[in-house]
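Both of the next two complexes hold chain A, though its partner changes from chain B to chain C.
Coming up: the complex of A and B.
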C-alpha cells in the first residue's frame, strides 16, 4: 500500500482537510493528500518543528516521546503522530471533525507508514 | 545583522528570528554583498559571496544545457550543518540568498520562511535609483564604507 493510499484513509473522514507524511528531520513533505487551500509545505515544516520541540520537552521531563499530539484552534485542529523511519503523519481538520476517530486512524496509519 | 540597504533589515530580522538560521548572506547575482548575519570576518563573507554566486551560475548553466528553467535552489545537507542557496528576483534585480542552518531548525522551516523573506523584500523594495558612477579615486573609500556597514568597523 502506498503512502498516498494510507493518507486517503484519513482524508475519507468527514471534516478532514488534508493529511501528509512528513520527514521529521527536514520538515519536508514526503506525501500528501490535501485540499487546494492548504499550504502543505508550511504545515509540514511547522508540524515537524513542533514535534521536535515536544520530544525535547518530554525528554527533559524524563518521559518517552509522545505517540501523538493535537493542536486545537477555534476553526480547526491539527493532529500529528510520529511514524517509523523518521516519518511524521499529520492531519488537518475543521472544528466539526470527530477528533476521536481521527486520532485512532492517525495512530493506525502512523504505525504502518514507512 | 548588517546591511547596506536599510529596507532589507526588517524582513531579514524577521526571517532570522523565524527560521532559526545561523548565517545568512544576501548578495546580488554578481556576488556583491547586500546584507549579512553571522559572519565576523570580512574575508569570509567575500569568499562565501563569490562561491555562492559561482555555484548559482554553474547550476543555472547546467539547467540551460538540460533545457530546463533556472533551478530555484541548491541544498547541501551535512551532518551538523545544512546550506540553502537560492536565486530570486527583486525589484532591484536578481539576488542570491545563502542560509546556513543547524540541527535546531530544519530545511522545511528555512525554505518556508525564506519564501516569505523573498515576498517581503519584493513588497518593501523602494523604486530603483539611478546608477551612480563610481570613479577610480572613490573606489577605495566606497569599499571601506561598505565594509564598515557590513562589519561595524
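Coming up: the complex of A and C.
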C-alpha cells in the first residue's frame, strides 16, 4: 500500500481537509492528500516544528516523545503522530471533525507509514 | 459547664425568652455535641436579636460543626456586615474557604484576623500553616508574594505548571519521571510554544488556539493559554481519561486567569 493510499484512509473521514507524511528532520512533504485550499508545505513545516517543541517538553520531564498531539483552534484542528524512520503523519481538519476517530486512524497510519 | 449549669440556663431561658443566656447555653450544648438543641436555641436568639453579631457567630459555629458550610458562610458573612472587625467571623470564613480549597480567600480572611489581633500566636501559626499549604511565594515579574493558585486543583503536587513568556515558572510545579523537580526545565521548554501554536493556527486558518493535547507514554498533557502572556501545562498519568484531563486543564486555566488578573 502506498503512502498516498494510507493518507486517503484519513481524508475519507468527514471534516478532514488534508493529510500528509512529513520528514521530521527538515519539515518537508514526503506524501500528501490535500484539498486545493490547503498549503501542504506550510502544514508540513509548522507541524514538524511543533513536534520538536513538544518533544522538548516531554524530554524535560524525562519522558519519551508524545505518541500523538492535537492543536485545537477555534475553527479547526491539527493532529500529528510520529511514525517510523523519522516520518510524521499529519492531518488537518475543520472544527466539526470526529477527533476521536481521526486520532485512532492517524495512529494506525503512523504505525504503517514507512 | 456541668449538666446542672445547663439545666439552670435552660430554666432561665424558659422563664425569660428574651434573656441573653441563649448565648452561653447554645455554646455549652455545642461543646457537648448536642448540635440539634444548640441550633434551635441559636436560631431563636438570632431571630430575636437580628443586629447582634455574636448571635450569628454562634449560629455559624454550630452550622459549621454540623457540616453546613454554605449556611455557616452566610451566617459569618452576616456577622461581618454587622461588625466588620469581628475576628471570629474572619477566622471562621478563613476555615471554610480553606476547607473548600479556596486558599487565596482563606489567606485574605486570616491576614485580616491577624491585623485585628496581632498578638494572637495561634492566629499567626494558623496563617503560617495556610501560607505553606497554599504555596505562598514570590512571583516573577510581580512585587509581592501570592498563593499558588494551582494547589487547589491538585490532589498531589507536581501535576500543573504555569509559566510566563520568558520561560519562568509562575505557579505550580512538575516533577520528572524520577521524581525530581523539573519546573525550570519544563518552563524553559514551554517558552515560545504558545507563540508557535498561535502562529500555526493563524497561518493554517484554524482560528485562535484553544488547546494543545499531548498523548505521551506514561502520562498525558494538556496545554492552555489562560492569558495572552502565560502558558499552563497540566499532566496526569495515562490512566486518567483524556476527557477528564481536558476538563481539569480548563478548570486550572480559569483559576490561573483569575489569579493573574488579581495579581495585576
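Please note the rule applied: the second predicted complex is superposed on the first by the 114 of 114 C-alpha atoms of A that agree within 3 Å, B and C clash if a C-alpha of one lies under 4 Å from a C-alpha of the other, contacts with A are read in each partner's own complex, and residues count from 1 in each chain.
What we mean here is this: a residue touches a chain if its C-beta (ideal position, glycine included) is under 8 Å from a C-beta of that chain, and two chains touch if they have at least 3 such contacts.
Everything quoted here is computed from the prediction, not taken from an experiment.
Could you check whether chain B and chain C clash or fit when both are placed on chain A?
Result for chain B and chain C: fit.
State whether A:50 touches chain B only (first), chain C only (second), both chains, or neither.
In the superposition, A:50 touches chain C alone.
Pick one for A:62: touches chain B only (first), chain C only (second), both, or neither.
Touch partner of A:62: chain C, not chain B.
Who touches more of chain A, chain B or chain C?
Counting contacted residues of chain A, the larger count belongs to C.
Using the touch definition from the top, say if A:108 reaches chain B (first), chain C (second), both or neither.
neither
Can A:73 be said to touch chain B (first), chain C (second), both, or neither?
second
Just checking: does A:98 make contact with chain B only, chain C only, both, or neither of them? Give me first, second, both or neither.
In the superposition, A:98 touches no partner, neither chain B nor chain C.
Going by the contact rule set out at the top, does A:42 touch chain B (first), chain C (second), both, or neither?
Both chain B and chain C are touched by A:42.
Quick check: superposed on A, how many Å separate the nearest Cα atoms of chain B and chain C?
Comparing every C-alpha of chain B with every C-alpha of chain C, the smallest gap is 10 Å.
Which chain A residues lie in the overlap of the chain B contact set and the chain C contact set?
42, 46, 49.
Which of the residues in chain C come into contact with chain A in the complex?
174-178, 182, 185-186, 188-190, 192-193, 196-197, 199-201, 203-219, 221, 233, 235
Hey, which residues of chain A end up touching chain C in the complex?
On the chain A side, the touching residues are 39, 42-43, 46-47, 49-50, 53-54, 56-64, 66-78, 92, 95, 103.
Which bits of chain B are touching chain A when the two form their complex?
Residues in contact with chain A: 77, 105-109, 111-112.
Which of the residues in chain A end up touching chain B in this complex?
Residues 22-23, 25-28, 41-42, 44-46, 48-49, 52 of chain A touch chain B in their complex.
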